[in-house]
Amino acid sequence: MARILVLHGPNLNLLGRREPQLYGQTSLAAIDTMLRQAAAEAGHELLSFQSNHEGELVTWIQQQGAQADVLIINPGAYTHTSVALRDAVLAVGLPTIEVHLSNVYRREAFRHHSYLADVARGQIAGLGAYGYLLALQAACALLRGEIGT
Amino acid sequence: MARILVLHGPNLNLLGRREPQLYGQTSLAAIDTMLRQAAAEAGHELLSFQSNHEGELVTWIQQQGAQADVLIINPGAYTHTSVALRDAVLAVGLPTIEVHLSNVYRREAFRHHSYLADVARGQIAGLGAYGYLLALQAACALLRGEIGT
Amino acid sequence: MARILVLHGPNLNLLGRREPQLYGQTSLAAIDTMLRQAAAEAGHELLSFQSNHEGELVTWIQQQGAQADVLIINPGAYTHTSVALRDAVLAVGLPTIEVHLSNVYRREAFRHHSYLADVARGQIAGLGAYGYLLALQAACALLRGEIGT
Amino acid sequence: MARILVLHGPNLNLLGRREPQLYGQTSLAAIDTMLRQAAAEAGHELLSFQSNHEGELVTWIQQQGAQADVLIINPGAYTHTSVALRDAVLAVGLPTIEVHLSNVYRREAFRHHSYLADVARGQIAGLGAYGYLLALQAACALLRGEIGT
Amino acid sequence: MARILVLHGPNLNLLGRREPQLYGQTSLAAIDTMLRQAAAEAGHELLSFQSNHEGELVTWIQQQGAQADVLIINPGAYTHTSVALRDAVLAVGLPTIEVHLSNVYRREAFRHHSYLADVARGQIAGLGAYGYLLALQAACALLRGEIGT
Amino acid sequence: MARILVLHGPNLNLLGRREPQLYGQTSLAAIDTMLRQAAAEAGHELLSFQSNHEGELVTWIQQQGAQADVLIINPGAYTHTSVALRDAVLAVGLPTIEVHLSNVYRREAFRHHSYLADVARGQIAGLGAYGYLLALQAACALLRGEIGT
Amino acid sequence: MARILVLHGPNLNLLGRREPQLYGQTSLAAIDTMLRQAAAEAGHELLSFQSNHEGELVTWIQQQGAQADVLIINPGAYTHTSVALRDAVLAVGLPTIEVHLSNVYRREAFRHHSYLADVARGQIAGLGAYGYLLALQAACALLRGEIGT
Amino acid sequence: MARILVLHGPNLNLLGRREPQLYGQTSLAAIDTMLRQAAAEAGHELLSFQSNHEGELVTWIQQQGAQADVLIINPGAYTHTSVALRDAVLAVGLPTIEVHLSNVYRREAFRHHSYLADVARGQIAGLGAYGYLLALQAACALLRGEIGT
Amino acid sequence: MARILVLHGPNLNLLGRREPQLYGQTSLAAIDTMLRQAAAEAGHELLSFQSNHEGELVTWIQQQGAQADVLIINPGAYTHTSVALRDAVLAVGLPTIEVHLSNVYRREAFRHHSYLADVARGQIAGLGAYGYLLALQAACALLRGEIGT
Amino acid sequence: MARILVLHGPNLNLLGRREPQLYGQTSLAAIDTMLRQAAAEAGHELLSFQSNHEGELVTWIQQQGAQADVLIINPGAYTHTSVALRDAVLAVGLPTIEVHLSNVYRREAFRHHSYLADVARGQIAGLGAYGYLLALQAACALLRGEIGT
Amino acid sequence: MARILVLHGPNLNLLGRREPQLYGQTSLAAIDTMLRQAAAEAGHELLSFQSNHEGELVTWIQQQGAQADVLIINPGAYTHTSVALRDAVLAVGLPTIEVHLSNVYRREAFRHHSYLADVARGQIAGLGAYGYLLALQAACALLRGEIGT
Amino acid sequence: MARILVLHGPNLNLLGRREPQLYGQTSLAAIDTMLRQAAAEAGHELLSFQSNHEGELVTWIQQQGAQADVLIINPGAYTHTSVALRDAVLAVGLPTIEVHLSNVYRREAFRHHSYLADVARGQIAGLGAYGYLLALQAACALLRGEIGT
C-alpha cells in the first residue's frame, strides 16, 4: 500500500461554481471523494489538500512529501508564477503528475508556460475532472513500475 | 459502437528500438494491439496508422476522419513543425487527444510548442506507452459524454 | 443599497509612512474612512480589506465576492505577478475597477504590465489617494448603470 | 479661476455613432457640454478641441498650453503612434491626465502601449464618457493641490 | 549656386522656449537666419520650413525637392515614427543630412531608432544649434564633391 | 448602382515620377481615370482621393464612408504606422480591399506589417497599377455577393 | 499561347466541405474548371495540381516548371513552414502569384508569415475562390507584359 | 550595538536535507546559530526568520525593519517572482545584502533575474552557507561605515 | 570495409541546373559518382539517395542506418524545418557530417539555424561540391578513429 | 590654448587602401595632418593615436585624458563591442565627439548600436574624412562654450 | 601554503581616481597590499595583476593558472564582452570567485550579464573594495574545503 | 606557389592541454607542422600565427594579408565577439575558411553566432584538428579554382 498525495492550487475550492463552462460542474469535494475511492480500490491511501496560499502548498508538500510515494498536483494559477512550488517538488523528490482541468493552450499566452512541467513526470490537461482520474491511474501504474524512466 | 482513430507520426515505427531510455521498450505493434483490445472491451472499433510522411498523415485524417468519432494523435516531430496536420484536424472537426511518450518539456526548447495543442481537447505527455491507454480511456469518456465542453 | 468591496494589496498598510514622495502621506485607515463615508453618502455599504498575503486576498475575494456588487482593487505588487488574483476576480465575476496610487508607467518596466487590466472594467492610476475616491464614484456610476458595457 | 484644456484625438468626432458597443452612445458635443458645465460649477474655464490631424493637435497644445493650467487628453489612436504629441506635452509642461473611453488592455496588443503614459500625471481608462468627468475632477483636485507630486 | 533645403519637424517652432536644458536657447528664426547667411557666404540659396504636420513636411519635400540640390532635415519626433517622410526623401532622391539637437542616445529607447538614418547620407546629433551649422558645411562639401559616395 | 471609394496615401501623388523601377510609370491621374471608367462600365460610381496628411485621409473616410458601399485603399507609408486610419476604417464599417503597388515583402522589414490587414477583407500586393484594377473587380464581386464572408 | 501552372497545397482538396465559413463552398474541381475555361478564353493552357505532400508539390514544380510560363500557387499550410517549396520556386525561376482564400492576417500569428511572399511577384489574399480568378488575370497581364518588374 | 535582520525564503527550512549536492549539508538552525554567535562577537544583535509564505516575509520585514539597521536576505524562489518583497525592502529602506547558496547563474534561466538585486547594496552567491557568514561581515563593515555609498 | 551513407535533400536533384551561381555546375549524379569512387579507393562502400520528400528521407535513414557506419547529409531546405530528420538521425545513432553547398550564413536569416547541427559531429559549408569530398574524407577519418569524441 | 585628443580604432590605419568605396581614399596620416593644422589655426594643440588593440586605446585615453580638454573618437569596430572603451571615456570625463566615416545605419544591424553613443556629447556619421573636420569644429565650439549642456 | 591569484580588468588601475562615488576611494595598489597581507596571515601566497588588455589577462591566467590554487577575478568591462577570458578560466580549471566593486544590477542593462558567472564558483558584488577581502576569505575557505561543491 | 595564412585565436596555444575531451590532444605546434608539410606537398608556403590579443590578430592579418592568397582562421573566442577581426578580413579581401575544433552548436548559445561566418567563403566545424587539414585542402582547391564563387 502506497500513499498518494493530491494537491489543488488557488481557486480550485470554487470548482463547480466558478466559470463552469471552463472548469466543469463537479465540486472539489466530489473529486476528492472519487479519487479516494479509486485509490482505495487500487489498495492505496490518498491524501488531498487545497489552499489559496502559495506558502501553505509549499509547506504541505514539505510535510507530506517525506512519507508519500507519488504526487498529483493541479497548481492552478501558481503553475505559471510559482518557483517556490517547483522548488518544493524538487526538494521532496516525489514522482509528480501535473493536471490541468482546462486546455491551457487555448487560453491566455501566460498560461502556456508551467514552472512545474519539466520537473514533473508527465502532464494531463484539458480533460476536466476526468483528468484527475487518469492521473490517479498513471500514479498507480508508476507505483507498479509500469511506466519506465 | 464508435470508431476511434489512432495516428502515429514519424519515427514512431522505431519504438522499442529507438532511444529506449527516452521512448520505452514497447514496440508500436504491441501498443496498437493493446489499444485495439482495450477499445474492443469498451465496445468500440479502433483504427491505427503510422507514417513518416506528413502528407500521408494529412490524407489519412481526411479519409478516415469522416466516418470516425474521436482521434488520438501522437504527431511525433510533426507536433512542432506541421501546420498541415493542424489544418487537417480542424477540417475533420473530430475531438482530438494529443499524446506524447516523453516529457517534451524536459527536452529541447523547440519541443515545448505544439501546433496541435490549442485545437486538441487535451494532452497527455511524459507517461510512455501508458499514455496511449489513458488517452483511449479519455476518448471513451468523451464518447460517453462524461467530459464537458 | 449595494455593497462595494475595496481590496488593498501588499505593503499598502504602510501608506503614509512608506516612500511618501511616491505614495503620498495619507494612511490607509484614513483612506478607508474617507471611502466608507463617501459610499454611505451615496447610500452604499463599503467593506475594505488589506493583506500582504496573496492567498488571503484570493480568499477574501471568494468569500465577499458572492454577496457584493462591485470591486475596487489596488493589488499593489501583486498587480504584476499574481495570476491567482486574476482568477479570483474572474471567478466571482464582479465588475472591477483597478487603482494605482503612483503612475506605474514612470517606474520599472515590470510595473507596466498588469494581470488584472484586461479583466477589470477600467483603471485609474497616478492620482494618489484621490484615485480611490474617483474609483468609488465610478463604482457608484456603474451601479446606477451610467457606464455602458 | 483656472483654465482647463480638453483635447480629443482622431475619430473621436464620431462618438455616439462609431462602434457604440465599444465607445458608448454619447456624442462628443454632449461630452464637451457636460465637461464645460462641470468646470464652470468648479469655477474654472474649460476649452476643448478635436482633430483628426496629429499636427493640429500638436499646434493646439503649443498655442493653448501657454495660458492654461491643466490638460485632459484622450489622444485616441495617436496614443500608440505619436511621439510628436508626447513632445508637445513635454514642451508646455502642463500637468496632464490621459483618458481612454474603452479598456485598451482588452484590445489589440498595440493598444497596450501609450507614448503619453509616462509623461502624464495619471490615467483613467475603460469607464466610457464618465471617465472624462472623473478626469475633470482629478484636474480640479490637482489645481486645489490635493494630489501630491 | 545651389539650393539647399532645411526642414524642421514638429515642436521645433518652440526652440528657445521648450525645455532649454535639452534643446538650447536659440530660437528657430535665429537658426534659420544664421544658416541663410552662412549659405549665402558660400554662394548658395537656402530655403527653410517648419511644420507640425507630417503631411505638410512630406508635401514640402515633394514640391521643393525637384529644384533643390541637398536637404538638411531635423525631423524631430517624426524621426522615430514617419515612414512617409522616409518615402518622400527616397522619392526626391536628394542627398540628405539628418540633424538632431539633443543626443538621442541618452534619451528614451524609442528615440534610438530613425526611419531616415539609412536613407540619409549622414547624421549629426547632440551638438545643439551648432549641429545645423555643421550640417550646412557638410552640405556645401557635398556640393563641392569633397565627400565621396 | 453602388459607390466605390478609392483612397491613396502619402507620396502616391508622385506615381510615374517616383522610383519608377519600384512603383511603375503610370501616373495617379491615369490610374484614377482607368478605375473610374472600369467602375462606370460595371454600373458603379467611383470617387477617389489622395492626400499626404493622415488626418485628411481619416476625415475623408469618415465623410465619404457613410454614403459608400466599398473601399479600396492603398495607404502607402501609413500602412505601417497609422492606427488612426485603421480606426477610421473600423468606424465606417465598409468592406475594404487593401492594395500595394510593390511587393512589400521584398522590402524593409517594417513594411511587412500592416495596421489595416486584419480589418480589411483582402489584400492585393506587388502587381503594380494593375493591382488597383483587380481590386476594383474584387469590389464589384463583393457588391454582387460573389465573395462569401 | 502560354502555359499557366496552378498549384494547390494540403487540405485544399477538401474545399467546399472543410470549414466553409472560412474557405467558402466551392469545390476545388469547380475552381480548376473555372480557371481552365478562363485561361482558354485568354488563349492559354492551364495545368493544375493538388497534393497534401510537400515533396510532391516540390517535384511537380520542378517537372512542370521547365515548360511553363507562370505559376499561381496557394501553398495552404506549407506557406508558413516550407522552405523546400520556396527553393523549388526559386529553382525554376517562374514569375509566381501567391493566393490565399482566407485573410491570413485575421488568423493565428503563425499564418502572418509566408516563406513564399518575398520570392513571389505578388499576393492576393482574403477574396475566396474569386482570388484565384484575379490571380489568373494577373498571370495573363504578366504574360502580356502589362505589369512591370 | 546594532540590530541585524536575517531573512530566509521558501524551502530554506529544508536545508541540509534538500538536494544537498546543490545546497550543502548544514541545517538552517545551524546557520542561524553560527550567524548569531558571529554577530554577538561583533557586538550586534541578530534576529532571523524563515517562512514559506511571501506575505509573512513581507510582514516580517515591515515589522522588524523599523527597529533594525541592516538586512541580510536569501529570498530563495521569491528572488525571481516577488515584487512584494522588493517593495517591502524599498519601504523600510534598510541597507540590504542578498545571499544565494547556489550559483544561480549555472541553473535555469529564470533564476538569473532577481527582483531584489538592484535595490540591494550587494550580492553574494554560490558560496554555500559560508556566503551567509560573508554577508554578516559585510553587514558589520556597512555598520562601521567601511563600505562607501 | 565500412558502409557510408550519403543523403541529399529536396531540390538537390536539380544541381547543375538550379541557380548555378549559388550551387555550382556539377550535377548530383556526377557528385555521387565522384564520392563512390573516392570511397572505393578508401576501401569503403558508399550508398547515396536523394528525395524531395521529408518522409522518404526519414524512412531511408531508418532502413539504411542500421547496417551503415557513418552518414553524410545535406538536408537542403529541410535543414531549417525538419525535426523529423533530426529525430531519425538521433534514432539510428550514426556519426553524422552535415554538408551545405552554399554559405548559408550569407543568405536569409532562416537559413542560419539548422535542426541537425547539434546532433551532427561536424559541419562543412560554403565549399560547393568540393565540400562533399571533404565530408567523405572526414567520414573516413572518423572510421579510422582519427577524430576524437 | 586647449589640448584636443583624436583617437582612431582598429583597421583605421588602413584608410585609403581598405574598401575605398566605403571608407574613402584619404590616408589616416593625411587626416591627422589636416586635423593638426586646423587645430593649430584655432590655437589648439592636437594629439592623435591609432591602435588595433582595445587595451592600448583604453590606456591612451587614461594617460592623455588627464591633461586634455576634449576627445574626438572614431572607435571603429570597437564602437559595437567595447565596454572597456566606454568605461575609459567615463573615467576621464572628457567631453567626447564620436565620429564614423561610413553611414553605419546602412550596414549590418550590429553596427547600429554604439557603446559610446550615450556617453558622448554628440555623433557625426556618414560624412567620410570630412566628418573628422566637422568634429574638430564642434570640439572648438565646445571649448568656446558655444554648445550648451 | 596555497597560491591565490587576483586579476583586475581594464580601468581598474584608475581606482580611487575614477568616478569615486561609484567605485570608492581606495587605490588598486592599496587593495593589493591589503589582500597580500590578509593572504599572508592565512598562510598563503597571493599574486595580483592588472591589465587593460584582454589578451594580457588571458595570457596571465594561462601562465599563472597552472601553478595556482584559486582565482579571484574582477574582469571589469570584460565581464560583459569577453568569451576569451571565460575560455581561459575554463582552460586552467581553477575554482574562481568573481568580484564587482559596484552593484552591476543598478547600472546599464548590458552590465547585468556576465560571461564568467556560470563558470565561476560564486560572485560578490556591490560591496566596494571590501568585496575583494570577502572574496579572499571565500578563497581561503575553499582551500580549507569548507565550501562544498 | 601560393602563400596560405593560418591564424589561431585566444587559448588555442593551450591545445592538447586544455579540456582535451573538447578540443583533442594534439598540440598547436603539431598542427602547424602538419599543415606546413601538407602545404609544402601541394607546393605552397604556409605561415601560421597564434595570439591571445585581438589587436595582434588584426595587425597580423593586415600585415600578412597583402602578400598572401588565402586565409584559414580559427578565431576561437573572438569568433563570437570581434567585429575588428571581421573588419580586418574584409579589409584584406582574402578568401577565408573558418575552422572550429569543437561543434559550436552543441555548446552555449552565444557560440552559435560568428561575426566571420558571412564574410568567410566556408566553414568547417566539429572535426577536431582534422578540420584544419580539410581547410587546407579546401584552400588548395580554391587556389586551383576548383571551387566556384
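All chains are identified by letter, namely A, B, C, D, E, F, G, H, I, J, K and L, in their written order; residue positions are counted from 1 within each chain.
Quick note on the criterion: contacts are C-beta pairs under 8 Å (C-beta built on N, C-alpha and C of every residue); 3 or more make two chains touch, one makes a residue touch a chain.
Quick caveat, the model's predicted, so the values are computed rather than measured.
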- Shared touch partners for chain C + chain H come out as A
- Query: To reach chain K from chain F by way of touching chains, what is the minimum number of steps?
  - Reply: 3
- Item | Identified repeat of the C-H interface (over half of residue pairs identical), from E-J, A-C or I-L | A-C
- Query: In terms of residue numbering, is the interface formed by chain I and chain L classified as same (over half shared) or different (under half shared)?
  - Reply: same
- Item | Distance from chain K to chain G - Cα centre to Cα centre, in angstrom | 63
- Query: So, what's the distance in Å between the C-alpha centres of chain L and chain F?
  - Reply: 55
- Return the distance between the CA-based centres of chain J and chain L, expressed in whole Å. 32
- Give the residues of chain B that touch two or more other chains, as numbers and ranges in rising order. 53-56, 81
- Query: Okay, what are all the chain pairs that touch?
  - Reply: A-B, A-C, A-H, B-G, B-I, C-D, C-H, D-E, D-F, E-F, E-J, F-G, G-I, H-K, I-L, J-K, J-L, K-L
- Task: Over in the complex, which chain I residues touch chain G? Could you list them?
- Result: 9-11, 13-14, 17-19, 51-56, 76-78, 80-81, 110-111
- chain D - residues contacting chain C, complex: 21, 24-25, 97, 103, 105-106, 114, 117-118, 120-128, 130-131, 134, 137-138, 141, 146-149
- Task: Over in the complex, which chain E residues touch chain F? Could you list them?
- Result: 53-56, 58-59, 62, 81-84, 86-88, 90-91, 115
